[in-house]
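You will see two complexes here that share chain A, one where it goes with chain B and one where it goes with chain C.
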Partner chain A sequence: MRRVACNDKTMSNIIGENIKRLYNFLHNASSKTKILMGVGLAVVLETAFLQFHAFTIFWVIIYTFVTLSLLFIVLANIAKKTFSSFAFVLPALIIFSIFYIYPFFKVLQLSHNSWDGISPTMSFVGFANFKEILQDKIWWGAMGNAGYITLIALTFQNILALALALACDRQIKGRNFFRVIFFIPPVLSEVVVGLIWRWIYDGDYGLLNHALVAMGLKDLIRNWLSDPQTALTCVAVIHCWKGFGWGFMILLAGLQTIPRELYEAARVDGANGWQSFRNVTIPLMIPVFVLVAILTILGTMQVFVLILSMTGGGPGYHTEVPVTRILASMQGSSMFGYACAQGLTFGVILMMVSFAQIGISRKLKQA
Partner chain B sequence: MLKSKIQNSKSKIKSNLKFPNKLLSYLKFGFCHLFVIWILSFVILLNGCGSQSTTGASQAKAKKISVWHWMTDRDEAFQELAKQYEAKTGIKVVFELYAPSDAYSQKVRASAQAQALPDIFGLLGEKRDFAAFIKAGHIASLTEEMNAEFGEWKNMLFEKALAVNEFKEKNEYGVTAGIYGVPIDVMNIQMLYNKALFKKAGLDPQKPPQDWESFVAACTKLNAAGIQGLVSGWGEVWMIDCLASNFAFNVMGPEKVFATLRGEVPYSDSQWIKVFSLFKEMADKKMLASGIVTMVNKSAEQSFANERAAFAFNGSWCVNVYHGMNPDLDYGVMLPPKINPSNPMYIWGGAGSSFLVNDRSAVKSEAIEFLKWLTAPEQQAFLAEKTRNLPSNKKALAKISALLSDFSKGMENVTHPNVWPVNELPKVIERFDKGIQSVIIGEKTPEQLGEELAKLKADEMAKKK
Partner chain C sequence: MNINKYTFTNSVVSFFVYLFLGAVAITCVFPLLWMLGSSLKTQSTVFSDMSLIPRAMHWENFYLAWTKGGFGVYFLNSLFYTTIVVFGIVIVSSWAAYAFSRMNFPGKNLFFFMFLGAMMIPLPGSFVPLYVLVNTVREALLTFLNAASPFLLKFLPEQFVVGSIDFIENQFYPRTAYVLCMINVGLSLSIYMLKTFFDKMPKELEDAARIDGCTRMGIWRHVAIPLAKPAIAVIVIYNALSVWNEYILANLILSSKDLMPLQRGLMVFQGEHITQYPLLMAGMTITVLPIVVIYLAMQKFIIKGITAGAVVG
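So, the complex of A and B:
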């Protein structure tokens, strides 16, 4: 009995050691190797998927493989080698695999099929959905619209958030009051915000046009959301107004972690306000800037509710974004397979953007 | 020295955390079982197998019928009718409201995938969705019950409302011919005009425009009096689709429209360009309310109810909506203006909302009996009175208001994509509607739109082949 237990322990030690070695190899690999390995794995999985997608056993094997890989990575990471460790991780792993890994595989499966969302059968179409996405000008136009809103959010919204965070970081009167005020827009419902702003932008009875007339700028009045020249920018501005509070809070928290002594030392060395900001604040805030930028990109690219409540994607396709296109494919056209392929493509693009940003931030830190 | 201390403390922690052998063997046993259960659940999930929640034998014993719907304005009346039905038969009917309609639609689809639909439900979607539900075995055929006793049930309902729920022999969807739904009310989409604003602009409120020229003239007069012309929820693109197909049927006749849908006539045809040009003309002559292309129908209804526009393009459900928004609103009903006097002006209409019976329901026959009762003249009159909708039972028409009566006259001219012999492809429909928005905002010319649609249609037809 004791020998069996001993053998068991030796076996788990060996497995544990090998997992740890593999984990270390993966962890310490260069970015180029990681990308190559990732692409290689994706190609192998996709090829296997195309060959064996019709067999349930294939799905069971691939699902088990991915889940167990995850389990091993977790175990190697926390350097646990005993069998009991598996049992501790298992409940969380089951929840994770059902709610994250399973939906991913289902989307992957559907993205290679043509399905109306109701019929009991679906027909396998291989890469046809992805090929169609490449040729879908409206989809890429929607990506462009989301990119435009993101660009405005990255600049206008985050500069505003930083300026307000810098102001609140100083010893000014009522700074707690301002913190609360600046955080009100993010906690408001997006639908409510959208409806209120739609009324403000209204061409006939909107506050904005009334204000412009009162200021003698009658030439500028228009129907802001129905004009293709202004619709997207109007939505982008409201998105920034609604979202700057998050950036403000994170940036303020970041600013407060900078030791005051550094500013005092800079002042002693004769640095003025701008020099302190450039040489003390900015270098120490780079990780926070990266975090805010990643959150802004991920949040803005997925903007949806605001658009639905303000313009519904119109006029024409001028305010369409990827999520509204996915919804249109799924609900409007009953093309579930195509919608899943769009979702997958969008997810991959967002992941690539995030990885690129992390890479850039690392380089900036090293510099 | 420090290293050995750390190692000692680590091994101490390890030994403290060590499990008794028995517990470890239980964990291993549990691990293996959990693993097997997890794999099995994955296989079940992957195959989309679910259990029918409403088909249990216990439900049949309790005689409870569950009904899902999205009609917020009718919920109170439904609850009242459910009470009456329970008092009469002892069968409990539970109406469950899921709104808004988008959320309802998603719920029904998800429940269909899990085979967990209620005994009776409504379906929002196009004919192809309806066909997909039938082919997947979610909807029972009601043909036998409709035709029983010399078609007593069928004959009391509006034929055009039933047609929406009917599949003919050799239909393009491959569905067995028959009737699959019961209309609980009927609707049609027409134009409304504000009589007070007509007077204000010097127009005769008893003579609404009937042809295109008089419609343009009326809008010009209204504009001169500072009143907006037509308002409609064209941010919801299906309403543009509706008016455009009304115009198309009138300009070229139904056969040519169907030929276009079959791919035999291109959208670049001069008569289609004429249809698109009507929207351009309305935009150019400022006959449309400001911001119409991004306006949702609720906003358009508010605009008309608050007398900010003289014309509205809306469905018969608006009688109830306008009554709620402005009970004193004085308005009339008219058909959209004719462009081609030699063709009739067809309008969209038919069943407003229909109820379908779940083919897997344990109380299927009871559900059908309840629908028979719901569409009987007394219940239909009650619904019409409470909800101000047109009843689906012809015998209940005597008790409706003058406005609804005007709407009911339009039933002679109704058509609907769900009764057409052929339907347009989803991508073409979307581009068609969005394209008209582009024409209205001056981004595209009618000719450009015609060419674009012709090319898209040809591409989509080629893909289909």
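So, the complex of A and C:
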């Protein structure tokens, strides 16, 4: 028996061992190595694509390779008699493959092509789409607008959330009531929020102008959402209105984990309210602040439904954000290749923010 | 004396705290009340009558929005999509999470990291390929059906074949595509949340069930799912909210009015009848009402689910 077992080093076992070794290597590699390998893989794929994209065989090889490697795992499961376990993951895996693997290669292909979305052929343009993005003033203006909204959300929204959380952290009655009320805006859909506020801001019939007249501030009346000076800020304020409930919830949860004894000790040592806030609350809350800041950045950079329903990007391009630009190149001017390149650029920027998030929170955990 | 001073400053501080909290709370609720009030006014009073509670209540606006405004169709569509998508996500993700947590098989870690990695890909980056994917499959399906129809006509009556091809093209395919897209959007997070829940669950009950001769599917159905009810409740509510409030994929995939969910329908209505504010507000009330009612009834789960979703995703 033992001899048989020794001779059992078949092809599949050798492959299996090497895969295991590769997996262990990847699993134990430092995050820098992982990122470097990811970038390297992307460069290799990109080079191969630029060389061979025109040959059908390239696509055949790529899709066959992906299919075969999935098939290989299925066969490995059958061979190891674990298929009945594997079957539990299968539905999720099928959906995942449909919606990630094909789109992944499609992005690679489309972003180097010029295509109107209808015609059966597309023309290869190399890096022209990306060059165009670099020179696209509207696109970078949209990036700037998203940055402006993010800045307002980071400061105004989060300071409001923190103030509310601090107020609710005191021994007050009705804390639960306020928690429920403050979380109503985040539960509503962006379309509804946008349409309600669009009307409140309306120049002729809006409630805001009506209230200003009633208060005797006639000079302030304006067409809030079609005035280039105010449109973006108005949208940003509504974004904060919709979003502060999140920050409030997370900050309040963080504040309530701070042991009360620390505050008592600070008071015994003679600290006043501000000093105990400065020296007890803030140091302990820094990880929570970072989390809220990152969530705000990631969430706000992707805002667009609110803008579609409030201004549609106007007046001019004053409230455009990257995602509305992607949709405009796709649905408005039928430049699918360009839209894809925009999506890729934007996606990579957001992924970099996410990676920075992981790095920062890891460092904070170590500290 | 000292104590009196202390309680005095304290009560002044709490007065301002309550004032601040109350003011913010009013701004949170006011737009909703304003929407409800406006939905009960008429076209002629809506711009002049600025009171929150109108003098004459025009409940027929809701009837008009439901029938003529098309919000009845949109509402039923939203209900349909939300039910199917949430059901699909719960089944698929609890299978996968259970396997990731309790079973061992080749490729397990690879797939789990794939699902985790998918959470980091932002949706805006994949609009175009998703749209292209849905259209490509539609073209392929139509080509196949048209090629197959002469063959089918030999056995089946013409009306039936034409009718079913039409049904597949205009009803079945777009709905399926949208539902699958939405399942995919919610899947990763749900798998992750359920897996962490299953990891904390004691294994003894499952072992007992196995000894009693339960199959794997039986253990999943009769032991794991009932024990995971709190986590599943969070997932159901989180996903139901996100499907009900979803706009952009509906915009990309669904083009005909009888397929649209509420959010898309609102935008279409707003584009077509820009001045019919009472009906628009009635439609928005129809959209918001189920959410607010469910939120107030189950706010504990919702707050938990949404904050968990934010922290993970």
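Simple rule for what comes next: the second predicted complex is superposed on the first by the 257 of 367 C-alpha atoms of A that agree within 3 Å, B and C clash if a C-alpha of one lies under 4 Å from a C-alpha of the other, contacts with A are read in each partner's own complex, and residues count from 1 in each chain.
Keep in mind that, in the parts below, a contact is a pair of C-beta atoms (placed from the backbone, for glycine too) under 8 Å apart; a residue touches a chain by one contact, two chains touch by 3 or more.
Quick caveat: nothing in here was measured; it's all calculated off a predicted structure.
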| item | value |
| --- | --- |
| Touching partner for A:A153 - first (chain B), second (chain C), both, neither | neither |
| Touched partner set for A:I98, first chain B, second chain C, both or neither | both |
| Which of chain B and chain C A:R179 touches, first, second, both or neither | second |
| Per-residue touch tally on chain A - higher for chain B or for chain C | C |
| Partner chain(s) touched by A:L188 [first = chain B, second = chain C, both, neither] | second |
| Touched partner set for A:K106, first chain B, second chain C, both or neither | both |
| First, second, both or neither for A:A163, with chain B first and chain C second | second |
| Touching partner for A:A328 - first (chain B), second (chain C), both, neither | first |
| Touching both chain C and chain B, counted on chain A across the two superposed complexes | 83-84, 86, 98, 102, 106, 117, 204-205 |
| Contact set on chain A toward chain B in their complex | 5, 56, 59-60, 63-64, 83-84, 86-87, 90, 94, 97-98, 102, 105-106, 109, 116-120, 202-205, 223, 225-228, 231, 310-312, 314-317, 328, 331-335 |
| Footprint of chain C on chain A - complex, ascending | 16, 23, 27, 73, 76-77, 80, 82-86, 88-89, 91-93, 95-96, 98-100, 102-104, 106-107, 110, 117, 160, 163-164, 167-168, 170, 172, 178-193, 195-197, 199-200, 204-205, 207, 210, 241, 245-246, 249-250, 253, 291, 295, 298-299, 302, 304-305, 308-309, 322-323, 326-327, 330, 336, 339-340, 343-344, 346-348, 350-351, 354 |
| In the complex, chain B residues that touch chain A | 19, 21, 24, 27-28, 30-31, 34-35, 38-39, 41-43, 45-47, 102, 105-106, 109, 112-113, 125-126, 128-129, 132-133, 135-138, 228, 235-237, 290-294, 296, 308, 426-427, 430, 434-435, 437-438, 440-441, 443 |
| Residue ranges of chain C touching chain A (in the complex, touch as defined) | 14, 17-18, 20-21, 24-25, 27-29, 31-32, 34-35, 38, 46-47, 50, 91-93, 95-96, 98-100, 103-111, 114-115, 118, 120-133, 135, 180-181, 183-184, 187, 191, 216, 220, 241, 244-245, 247-248, 263, 266-267, 270, 277, 280, 284, 287-288, 291-292, 295-296, 299, 302-303, 306-307, 310-311 |
